[in-house]
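Heads up, the next two complexes both have subunit A, just with different partners, subunit B and then subunit C.
Now for the complex of A and B:
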């Protein structure tokens, strides 16, 4: 039925995307606990069946074969989900949060997934962007899009502090340094009164070219949730960051990142500047996390040190491990699983870290490459060179 | 023939162990030099020191009349020295094409802006590289040339060696260091691989090759000259005939009778 013929049409992939979009929509809309449990069970079984029958692989091949078209379809699917939920504050907030965490995870993918640079302080860089937005938003008149960029720059600069110790150590030790940094960052915020201490800071909402995102749009006589605006802006940022990350992956730079991750010694004997590449990956990743953090702060309107503690860093790592290291599309379902389920299912809310830990251990045991393993790296997957 | 690379009093110590002990060694322009010696005699260490993976404890390495003993691996590569590893060090999860291109590092454009934004130009560079990699592989194995987009981990050991050799050759080196290329090969595969080396020889007469090898028939067939190491020192040097008859060499390999 799902034959391995060379080029499936785009239809299977479109069907897959629609199915996932409908599932996400239901997941966000349903609040009844039993309904959610049933939905989660149905989703899990459907995923298993799709994987067993080969339908998932077939749809994936179709997706890869029609990538530009499918990228458009995914964007349309996102916009539709946002439109359907246009009046639901909570659902849109969760959706936008999933997208923002995904952007931070794209940054982590560049670091850990491509270049193999450990970073257990993802939340600190996310937070650096958030606090930058809080300070700049309250005390300067900078245009807010620039503030988002500034959030990225500050996170990138803050990360540069870590470069020396991280590059001079290897493996577990480098990881430990980032752990320590993440904890230090939070302690620093808690004792720093100018940044609000443990009480945190309020953050002015975002305004883009005079459009204040804090006010819900009015269409006819219905008022949309103001999170609708943020969801759209977040989606826009996610698209840009995704595009940049994808192009980075499919370039000489991405190839060199991979070489450094897989075998540093071999890479350096062929003239690769291992340290330089690691620095590049680390800084790029932190900039992404910082930009996501800035939007997050402006959206929630309030940030405090607890938003950016070590456990948040672990959540970010868990997402990219579950999704499949280096597989950009894997981030979204993994982020949805990690963020939405515990938020909605009160039964497991208390135990969510147990759930993450269990999920990560199971994945590492049975599918070490993640739920959606990364495909073979190619520069131009659609157009093989003429004489292939 | 003048020396392309020569080391003087080269010493490499790992704590108590002296892996290279006052080594004096010349590599001449355009020769195929066989590097022999019992296990642990310092052959691979010599490669690692020359390529900058290890930093020599003392002594000098003169390459084209410049001291490279303190150079980084990157600088050594840029100077035109490429190598293969005893235990294959390919990036198995990457495509064959990618693996070869890693060796082509010097001639690729690494700018962030170029790579992310100028996709058309990147594509052009990519196609040029593609033709080059394909042509290079085809000189060794016609079938491999059509499998550039397969994972390097999906091909046989001998083909992996060929990819490694191509990765070294694509950088157009002046000196090629082959670390026991026949390790883990069958007899027939070893012969095929030596044919490959002779093909390289014929196509690039300027290239100087140093090969670490245990198979005496291989050494006899392809080298112009041999150097035998023992305990990090040069035991003797000469043509294959000369070293095979040398009593000290026999003693180093077989022990005293």
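Now for the complex of A and C:
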């Protein structure tokens, strides 16, 4: 039925995207616990059936063959989900949070997934962006889009402090550097009173070109949730960051990243500037995380050191591991799994860390490449794969 | 500064150093035999402390009064159960991933750590609150000027130092220790020489976890309070100590443990107004040290054959 011979038309991919969008919408919309459990079960079974019958692979091929078109379809699907949920504060907040974590994870993907640079301090760079937004938003009149950018720059600069240690060390020794830095960052925030100490800081809401995102849009006589605005802005940022990451992956730089990750020594014998590439990956990743953190801070309106502790860094890493290291599309379902399910299923709320630790352990033992492993690089993404 | 106060700080620094060194020795043992970082180590420590606390409560309920007997049974229960837990972690989670990238092992042990920590928080009665740990050691205090030395502190420090010395003796002067060192140097060759590789790995994990359990009980006896997150920070500090000392080297781990305690204590003594920043300072110095000595103070010789 799903033959491998023909290059498929875009239809199967469109159907797949619509199915996922409807599922996500229902997941965010339904609050009844039994309804959610049934939905989760149906989703799981559907995924299994799609994977077994080859429908998933077929849809994936269709997606790859019509990528520009499909990127548009995905964006439309996202906007539709946001529009349908326009009046639901909580659902939109979760959706925006998933997108922001995904942006930070895109950064981590560049570092760990592409270039193999370990970073166990993702939350620290996310937090650096958040605190930048808090300080700049409260004490300066900078346009808020610039503040988001500044969040990224500050995170990038902060990360640059670690460049020397990260480059000089390897393996476990390099892991230590970022672990120590993550703890140092959190510990610093807790004892530093100018940055609010353990109580944290309030962050002013975002205003873009005079449009205050803190106020819900009024259309006719219905007022939309103000998270609707944030969800749209977050989606915009996610699209930009995703696009940049994708371009990076498909460029020579991405190819060089892969070479460095797979074998550093071999890469350097072929004349690649290993150190330079590592610096590039590390800084770019931290900038992404910082920008996401800045938007996160402005959206929630309040940040404290507990938002950015070591376990948050681990959540970020768990997301990219679950999604499949280096597979950009895998991040979204993994982030949704890690963030949405515990929020929605009150039954497991208390047990969420235990459950996701268990889930990651199982994935590592039985599917070490993640749920949706990264495919081999395709040099001509617009052409259908030849059968040779 | 008064010499008595100084001595007081030095004493508490030594106490910290002993605990850190015991944790760090575990990390270095695991790394030695398998080249892996076992990040669940800190939470094994917490679990050990909780097992001993539960044993204490059970013994109290059963009407056992003698503190020596109670303490002995607590130690046996904690050390025994954690040695088993260490073996389970090695056998079912670390050994199956022997040929996977090191990053995977690191991640899986981190997750096991979270699972242990969360299980304690959720399933120990009111486990999300700090639990008071019993005073079981004599508290008689000696005064020398401003220096106050309690007997329990002395007992703990001496116990810690003796245990570290014993472990050192075991590693360097017994047949089993020789086997551990052989596996650490070259697992494949050790196998050829007739060493049971898997047994030695399990032995190392049992030994390391037993040390963690002991450190957990000592930490509880010293602070008289434990909570489900006790081991998180101790684990990270122990890891830093082991790495900065030089992974796989037992002297390095001990050195690293005392160094970390020294760094924390220096800040408190030298700049009391900044004592809140002692962790920031200690971790910062550790990062700097790694720049200067990227493979630790007593570093592995790192050369890569291509």
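As a convention for this text, the second predicted complex is superposed on the first by the 378 of 388 C-alpha atoms of A that agree within 3 Å, B and C clash if a C-alpha of one lies under 4 Å from a C-alpha of the other, contacts with A are read in each partner's own complex, and residues count from 1 in each chain.
Everything that follows uses one rule, which is that a residue touches a chain if its C-beta (ideal position, glycine included) is under 8 Å from a C-beta of that chain, and two chains touch if they have at least 3 such contacts.
Quick caveat, the model's predicted, so the values are computed rather than measured.
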item: Subunit B versus subunit C as contact partner of A:376, first or second or both or neither; value: first
item: Partner chain in contact with A:280 - subunit B first, subunit C second, else both or neither; value: first
item: First (subunit B), second (subunit C), both or neither touched by A:209; value: neither
item: Partner chain in contact with A:34 - subunit B first, subunit C second, else both or neither; value: neither
item: Touching partner for A:265 - first (subunit B), second (subunit C), both, neither; value: both
item: Touched partner set for A:255, first subunit B, second subunit C, both or neither; value: first
item: Subunit B versus subunit C as contact partner of A:247, first or second or both or neither; value: first
item: Residues of subunit A that lie at the interface with subunit B and also at the interface with subunit C; value: 265-266
item: Partner subunit C, residues of subunit A touching it in the complex; value: 112, 118, 162, 164-165, 168-173, 175-177, 179-181, 183-184, 187-188, 191, 265-266, 310-311, 314, 317-318, 321, 350-351, 353-354, 357-358, 360-361, 364-365, 368
item: Contacting residues of subunit C [partner subunit A, same complex]; value: 31, 37, 93, 96-97, 100, 102-104, 106-108, 110-112, 114-115, 118-119, 122, 232-233, 236, 239-240, 243-244, 247, 276-277, 279-280, 283-284, 286-288, 290-291, 294-296, 302, 304, 306
item: Interface residues, subunit B side, partner subunit A - complex; value: 51-53, 72-74, 76-78, 82-83, 85, 89-95, 98, 101-103, 105-106, 108-110, 112, 115-117, 119, 122-123, 126-127, 130-131, 134, 146, 148-149, 151, 167, 171
item: Subunit B-touching residues of subunit A, taken from the complex the two chains share; value: 244, 247-248, 251-256, 258-259, 262-263, 265-273, 280, 376-380, 384-388
